[in-house]
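What follows is subunit A paired twice: with subunit B in the first complex and subunit C in the second.
For the complex of A and B:
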């Protein structure tokens, strides 16, 4: 397996001055310790290089923050143009209303937009808006869904007190009966229901909504005067230019976006409907860097390019090529793969295992062959993934399947 | 008063697609509607230009995010060098351990560092670490202190439920008896005590710590096994290169930094002591853009420059020149000004008023003369403020005092 001396040396240094060395989603423990690199050196298009000089065809795209490819020239030029003028001022820049106009034009249900820096900034603000608007406390969410790291929703348990979660109630994905049961139990107390457009847990298959599930959730929410909050942070603008709700035929009251928005430039957004405008002004929202014009200029360029190039169609095409190619390559060595989620952001596992051990070994072998495929998290494609890159990735994966077959 | 047609036109457009048009600390309502510009066009050094082409000598520095001056070439070059390699990857970059090494070297009590994007990310994480470490729920804070916009600490009330604040207890600044009373009432239940190095509320005089207050708070916290959390987000690296606690002769267990760190590049940090390392690994901390290497490279360069140039000494010098000059200019027209807080980040008001009306009028007149002085918030100076800029600012302020004197 790979020799990663620079990664290991940096991690040794980091472990002295950072708890755990690397934390959060990039933690080696969340990937494959000793098999995946720990530190990146540079990136371009759909490829990156680690600090030991190894090159990878990338299928994580900065965990989704890279939608057009690393260093996309259109986004970089827009950012650079704004950077010459400045980034954070005492006031917003002209680009802020422009970006809000662009988003409310792209997303059909939205009458207004606000901006933050993290996904969590927006999901937490959205549930506050729901509480402000309804005067109610309770929030319904899907079991195992990730909505960020704030205390009400963090997947961790450290430092959480019962009051953080005493009004958060969960139901299983696709389970209308469970929603109805929670509503019957807490009628008139539920402020909002938050969900992702499809269920994309870590360490598990993605689950698409059953036909009619999301429209029915909307109908129930409307009837009970519960705000429907779409967490489109991971999938937004990857499945449809107008937001993921358009794919599944429903309309939320509020929707949160982040990852695809700025091609790596730091921005998140919540979009909302007219009747929530006053409530939105009442929930205080700010941050030291939140008027940063460079990220907003980058986002405006990124969204323009997503729209002009029809990014979702491209992602579906190259994602499907990848899935089909990997399935064929696997079958040549007697393996059967299961893919779940949309092709633009697929989750892969071996059909005959649920413990991920074989999948982890495959992903380690694939990394060694120069393709970065994550064993525990859905993958991401980008505008920079072309047919050549997919072909190369499938070839690398074929070599990894061959080695896995020899080992077993 | 000024004619701001471009600001007004942008605000008209923004108000359609953003609740309130502009929210948070940059909201016109938080400044001087109709007198201060609403949108910035560009900035350089200690000056900025609004979208109507008016130039201002700036004493807010992007609400403190600009520590070295807008567009500082050393920071821009470091950021640009990293940007050519990339910003957000699947992994951190070598600059992350380097930045943690730099911070733990600069700040005496700190054995480790973690990074976020907003100040709130860090203050909220710090109280979670305190809860995790102590197994207790309660947090003590200073009445009227600003620690960010998360539900436990937001100055707003919209969308807040009683459970968000049921374990947050406040005491008046400088009041040791009140702290002791709270501890007696909740002995063994208090996880942490959070405070700023001096009290810097909006709409009020800054208050320095009484001699011995902070060392005594530390002593009490140590005795009661309460974690002492320093919110150095606003003052950090402006009062002392080693962090503001060194000025006031105490040592916190955790300290949060943000504004001065990156000269506008988006980063925040928490530093902590060795005994909290394990607890820190247990409180999940991540965000889509948090490994962004450009902000970390900018921060490394910014901290190097703060250290090399002894920024705090410069800020104290130019801040003192400003204060003395403004006091003299005011007195020429029969006004007496009160300055509070350290000269590096002073708060000014007229001695004979508490309702801010005269101060607001003065700041409006000063803005019209080309100097941006905030009536409700402490000001900030930067490395780019030289004696010439201070002299020009005092001249502009003198003209504003003269006009105010005529009006009254």
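For the complex of A and C:
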């Protein structure tokens, strides 16, 4: 397995001065300790290099924050132009209304936009808007869905008190009856229902919405005067230029976006309908760096490029090539793979296992062959992944499958 | 949870009865002094707490085996008026339980209390422990057993743990210490946790291995940064990690009740 002395040494230093060494989704504990690098040095296009100088074809794209490829020249140029003028001032820059105009032009149901820095900023703000608008307390969410790290939704347990989650109720994905049951139990008390366009839990298959599920959820919410909040943080602008709701034929009241927006520049947004404008003004929203003009300029350029290049179509194409190629390579060694979720952000597992041992070993071998595939999380593709990169990835994966086959 | 609350006392009582007292078995198996105290005696002790749990322990032939029912068939029967009353016994505080002898055998009673004192000695806080490596190994062995039997109690009784387990996938977890014979397993079937010591008969869904007994001790007693330790590979985790996370969440709560 790889020799990662620089990663390990940095981590040893880090573990003395940072709780956990590295925390959150990038923690070694969430990946493959000793097989995946811990620290990155640089990146370009669809490749990155770790601090030990090893090169990886990347299928995580900074956990989705890279939509066009690392160092995309159009985005970098826009960011650089704004950086020369300045990033954070006493006031927002002209790019803020321009970005809001762009987003409301792209997303059909939206009449206004607000900005934050991360997904959690927006999902937490959105449920507050729902509570402000309806005067109700309760929020419905999907079991096992990730909406960020704030107390009402964090998957962690430290520091959470009962009251943080006492008005949060969960239902299984695709289960309309469970939604109806919760509504009957709490009729007149539910402010909002938040969900992702498809269910993408860690450590599990992604689940697409059953036909008509999301339009029916919208209908129920409209009838019960519950705000429908789309958490499109992960999938937004990857499945459709106008937002993922257009793929599944429904319209939310509020939608939260983040990962694809800035191609590495930190920005998030919530978009909403006209009738929520006043409620939105009443929920205080700010942050030290939230008016950062560089990220907004980068986002504006990024969205322009997503639209001009029809990014979702490209991701669908290269994602399908990857899935088909990996399936074929696996079958040459007697393995059968299961892919779930849209090709733009697939989740892969071995058909005959549920406990991840084989998948973890395969991903460790693939990393050693120079392809970064995550065993526990859906993958991401970007505009920088071309047919050559996919072919190289499949060849490397084939070598990993061959070694795995020898080991078993 | 307040240490004075009745829920706290009740959970602590279950931990004492079903996780700490069963550690007498490991004590007898691994500590010669315990076997000397027991000698060739063979007896049963039952413990019942008013409006609470009851159990019977068969002690003899170098073992202490727990049976969770039939408390009145024991040779010696302890009655406690409340969870707090029973907890005092395990905490080494003065306590006077009701005692009933089926057959008059004060020798059994004295042996049991001497074994209990020895167990407390091996479980005392780390700072007060002997530096003898064998003593420390046995300390970890006892802690591991208590952690796994305690896991089941918290999973069944503590609301926070119950809520956490609802999100945890079913499966079998194996915890081992590299280069040693210590191993414990826990199985979650979506409703109940079962646990035991040693290597299970079926393949685990997740394997957690500690680099050595010291790392295991520090991890079990929440004196180690677990995330950093995984990154440094002092703790290795493979397989269905959410299962290990859920079980570890509960194990890490045990020191909130039992301070060792």
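Just so it is clear, the second predicted complex is superposed on the first by the 408 of 408 C-alpha atoms of A that agree within 3 Å, B and C clash if a C-alpha of one lies under 4 Å from a C-alpha of the other, contacts with A are read in each partner's own complex, and residues count from 1 in each chain.
Keep in mind that, in the parts below, contacts are C-beta pairs under 8 Å (C-beta built on N, C-alpha and C of every residue); 3 or more make two chains touch, one makes a residue touch a chain.
Bear in mind that the values here come from a model prediction, so they are computed numbers and not experimental data.
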item: Touching partner for A:311 - first (subunit B), second (subunit C), both, neither; value: neither
item: Touching partner for A:33 - first (subunit B), second (subunit C), both, neither; value: second
item: First, second, both or neither for A:107, with subunit B first and subunit C second; value: neither
item: Touching partner for A:20 - first (subunit B), second (subunit C), both, neither; value: both
item: Subunit B versus subunit C as contact partner of A:167, first or second or both or neither; value: first
item: First (subunit B), second (subunit C), both or neither touched by A:355; value: second
item: Partner chain(s) touched by A:144 [first = subunit B, second = subunit C, both, neither]; value: second
item: More subunit A residues in contact - subunit B or subunit C; value: B
item: Partner chain in contact with A:345 - subunit B first, subunit C second, else both or neither; value: neither
item: Touching both subunit B and subunit C, residues of subunit A; value: 14, 19-20, 22-23, 38, 157
item: Complex contact set, residues of subunit B against subunit A; value: 10, 13-14, 16-20, 22-26, 36-44, 48, 50-51, 58, 60, 62-66, 70-71, 76, 83-94, 96-97, 100-101, 103-104, 111-114, 117-121, 124, 127-132, 137, 148-151, 154-161, 163-164, 166-167, 233, 258-259, 264-266, 268, 272, 277-293, 295, 372
item: Subunit A residues touching subunit C - in the complex, by the definition given at the top; value: 8, 11-12, 14-15, 19-23, 27-29, 33-34, 38, 143-144, 157, 202-203, 354-357, 360, 376
item: List of subunit C residues in touch with subunit A within their complex; value: 160, 164, 167, 169, 171, 205-206, 225-228, 230-233, 236-242, 249
